[in-house]
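Please find the structures below.
The following pair of complexes shares a single chain, chain A, combined with chain B in the former and chain C in the latter.
Moving on to the complex of A and B:
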């Protein structure tokens, strides 16, 4: 096959995407613009309900905020660990990598319920605090935003750590020596040499963690509880309990658009940095 | 090579002829069907008890599709009214939705050989009752006095142990209706409920998805919740400190029903499936450990935590009219979301 005909190799996947991804998505968009799932009558009611209602707007903001804060928290833990991995010997490297992948090997349901055991009123953290006398009453952790972010940080950590380790691993150690020999402090080397070169991995990690945390239906509903309103559980509720499919579709598209917008912004940052 | 393949072809043909000549024994399936079943306890119980009984009595093989009641309706709706299974199992709310959406075949109770063992009215023109649920208050006796009624849930010493769940499930909906009644509301007027909830909300121990409640109770996050006797018995059997309290206004009860899906190709097998489900041996096995169903067969005695001697007592329990509840429920769900949001 000539190089010009090579595009045909992509046909099967393109066709599958068209059938099983794009057409349901178009159906979703059509449903959001109708009065019910039969698509007989067009209506903007669902979109008015999403965009014009302060409760739904707040849910959008809560969801984006949760994604952003989880990205920051995973960065806080992943960057030092990835730097350690970069300079570590082969044995320690293996241990760090294993520890990074380990959470992926347990089911998300199990991980989420384990966090109830840790964060609960009679959970590990509160029992420890109470027995050491640091507090006299249990601190509310479960069903709070900080508790949820803490749990998501552990759950999403591999998505940040693995791309970061990969991109730091590609840095030639000679560059660090060169920077030091030219008189740069360790901090300056980190800022001017390591960070720019790690940026693609960092942005990939941030995008993955953001998309995963802001759509983490199980963790949000089980650890976050009923007092924190996020889009995924509203979508589920409208689709499966209330049977208001147009509203469910509009909420689902809003969630997708918000996550895509953040992903696009992050990738734009990456492109801009690459040109500097 | 040619010789080999000829010999293979010959033996294969003989094998086929031999298989066709075998007499159809009693073990051969008279049919097969698919039934929706609630995930978790129901799925486990029906696979272990009902499926073998159906195979033995009627030679019918059943495949189960684990789906919650609302998911069964949603699936049938998504498939333009034709469910991808033969039998629904539903709570009263989704049952009414299914009737409104015309998702069921007309049901002929006279085709059930065990019909006489059901209380009057348990098999009708849309389906048959196969189990009951009794809903009341579950509490941790080590942490509090036994609550007397629904109104106690709003008292500060109880509220700080209380786990709330919304109108998303049948047991949640009827419990909240009963709580509304205890503070001067009714099925038509939920305002007093939301007002009372607003007052205790800063103190309540948790507001959670229904499926998360047993776990929260087991972990001690909450010590008080509204639930069914099944959950209480199950948690108790796992060593959790939990007791069922019948509210002074009476425990609420509702039936779980089975229905034949519209357009089903396995109607005979579906009737046999429902008939076997309500038969005395199956109901008796399901009412015991580890399944703890509330039986609907009058020959079977309910378990220790179920506050009744026989299903006939169910008439004295608080019941609800879902044709009135269903139209209002989306509004209540939305309102609950907003009231709970921080």
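Moving on to the complex of A and C:
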């Protein structure tokens, strides 16, 4: 455990990641540049198919849009919840934290299943609407994009809420009192005092929610976006049904590049804000 | 928010209303699943027309739900192995990073956390291609390896936070008093970071139990996994046993949450 020898303790994880994480990803990249999974002949056919085909281009846009809308929807509720947590007493603080952590520990499959029960023809929303006479026939919510975004809002919200709560927890409540007693409105206090402090948590949360929502295969396939195709289900179909592995690999890498580009952009925003 | 003036009331009320809806969205679905699992209906109707335990009886029936039991057993076994492997790898890495202030340690930490933001479905496909290129048929061990890569960052986060709080003077005293590095680890380091290690092992276990993207590509008929089996049941028949299985998983998650929170302050660690 000497200072100089300690780095060796990181070796097992580094080697495991090299072998079981980095190597598979490199092989994924190699497969996307071949004619088939035997990697005998190099070819750009899969990439031409992804970048040149309007159906695949549209799927990329649908996936990015789904990720972005889910981030906005989680922000809409997670920011007020994190603010409430900041000023709440110990009992309410605990309830909010438990509400954030419990869904995270329940399987994604269970959370997706819950939304089938909520969004279905005889589900919670439709039976409420019908019994109150707001509609005369059930409205379709499953297999629609708004339905999927609503479900993902709950499924992904803990990933936004927990980093936000951590960031806001570092704010000294005296700062809020100072801002108010100096005559700042609540809105001004939120914008000038709270937002700058919340930004790291907000950006971390946005990155995690975007990455998770855009790759949420089960929710996307079961709750569905109607006629909208998303990249994860195309990856799965090409790999496991059509057995076109180069195309599956190119689609998966496109998804990966999109998510990493968004993560890089968000982290650039964070660095810029830190220097202002 | 009482310290703000009357002009701020509308905004304060809006924040409160959105927070209340947010709480409802977070907790409501979990309660709805629990209630649905007791329905007398064959369909997923809500509210349930009557209450019964028949779906739980069906679910626990060894003959009728044999496939679900096999999948659940596989999932638990893989999750246990994944938690052990991830915790060991993450503990080593966390101690190495916490003992060094060098740039490499910060970079390594970034690299070790990378699997968190990488789309799981891309990694799942990559593992399938990699193992088939190595001519390895799907197996229990490969599932554990794949799950562990995704689960380790979760363990590293809580163990890393504990290791960062270690006082170097304690390790030096132990060494000066003649303890071997292994003895120092077992007698001084491990007891001090144990809460972080336990929380990390738990999060890795849950991550594996819940894993879809790797299992989707690496599980086979012999190594069927619970989330994949439940997904199949949801896609094909909308069997109400899925509600009962969900009810069991929710109850287990809630129990584990209470136990782990009592033992190691899990909730605080996840928001810290």
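Here, the second predicted complex is superposed on the first by the 264 of 276 C-alpha atoms of A that agree within 3 Å, B and C clash if a C-alpha of one lies under 4 Å from a C-alpha of the other, contacts with A are read in each partner's own complex, and residues count from 1 in each chain.
Just so it is clear, a contact is a pair of C-beta atoms (placed from the backbone, for glycine too) under 8 Å apart; a residue touches a chain by one contact, two chains touch by 3 or more.
None of the values given here were measured: they were computed from a predicted structure.
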item: When chain B and chain C are modelled together on chain A, clash or fit; value: clash
item: Which of chain B and chain C A:117 touches, first, second, both or neither; value: both
item: Partner chain(s) touched by A:221 [first = chain B, second = chain C, both, neither]; value: both
item: First (chain B), second (chain C), both or neither touched by A:37; value: both
item: Partner chain in contact with A:242 - chain B first, chain C second, else both or neither; value: first
item: First, second, both or neither for A:234, with chain B first and chain C second; value: first
item: Contacts of A:8 with chain B and chain C, given as first, second, both or neither; value: second
item: Partner chain in contact with A:87 - chain B first, chain C second, else both or neither; value: second
item: Chain B versus chain C as contact partner of A:55, first or second or both or neither; value: first
item: Contacts of A:47 with chain B and chain C, given as first, second, both or neither; value: neither
item: Partner with the higher number of touched chain A residues, chain C or chain B; value: C
item: Chain B/chain C common contact set on chain A; value: 37, 113, 116-117, 120, 122-123, 221-222, 239-240
item: Residue ranges of chain B touching chain A (in the complex, touch as defined); value: 68, 70-71, 73-74, 77-78, 97, 164-166, 168, 205-209, 212, 215-216, 219-221, 329-330, 333-334, 337-338, 340-342
item: Residues of chain A touching chain B in the complex; value: 37, 55, 58, 113, 116-117, 120-123, 142-143, 221-222, 225-229, 233-234, 237, 239-244
item: Chain C-facing residues of chain A, complex; value: 1-3, 6-14, 16-17, 20-21, 23-25, 27-28, 31, 37, 39, 76-81, 83-84, 87, 94-118, 120, 122-124, 127, 153-154, 157-158, 161-162, 165-166, 169, 176-177, 180, 185-187, 189, 207-208, 211, 214-215, 217-218, 221-222, 231-232, 235-236, 239-240, 245, 248-249, 252-253, 255-256, 259-260, 263
item: Contact footprint of chain A on chain C as seen in their complex; value: 1, 3-5, 7-8, 11-12, 14-19, 21-23, 25-30, 32-33, 36, 43-47, 88-90, 92-93, 95-97, 99-100, 104-105, 108, 111-112, 114-123, 125-130, 132-133, 145-146, 148-149, 152, 156, 171, 175, 181, 184-185, 189, 206, 209-210, 212-213, 216-217, 226-227, 230-231, 234-235, 238, 242-243, 246, 249-250, 253-254, 256-257, 266-268, 270-272
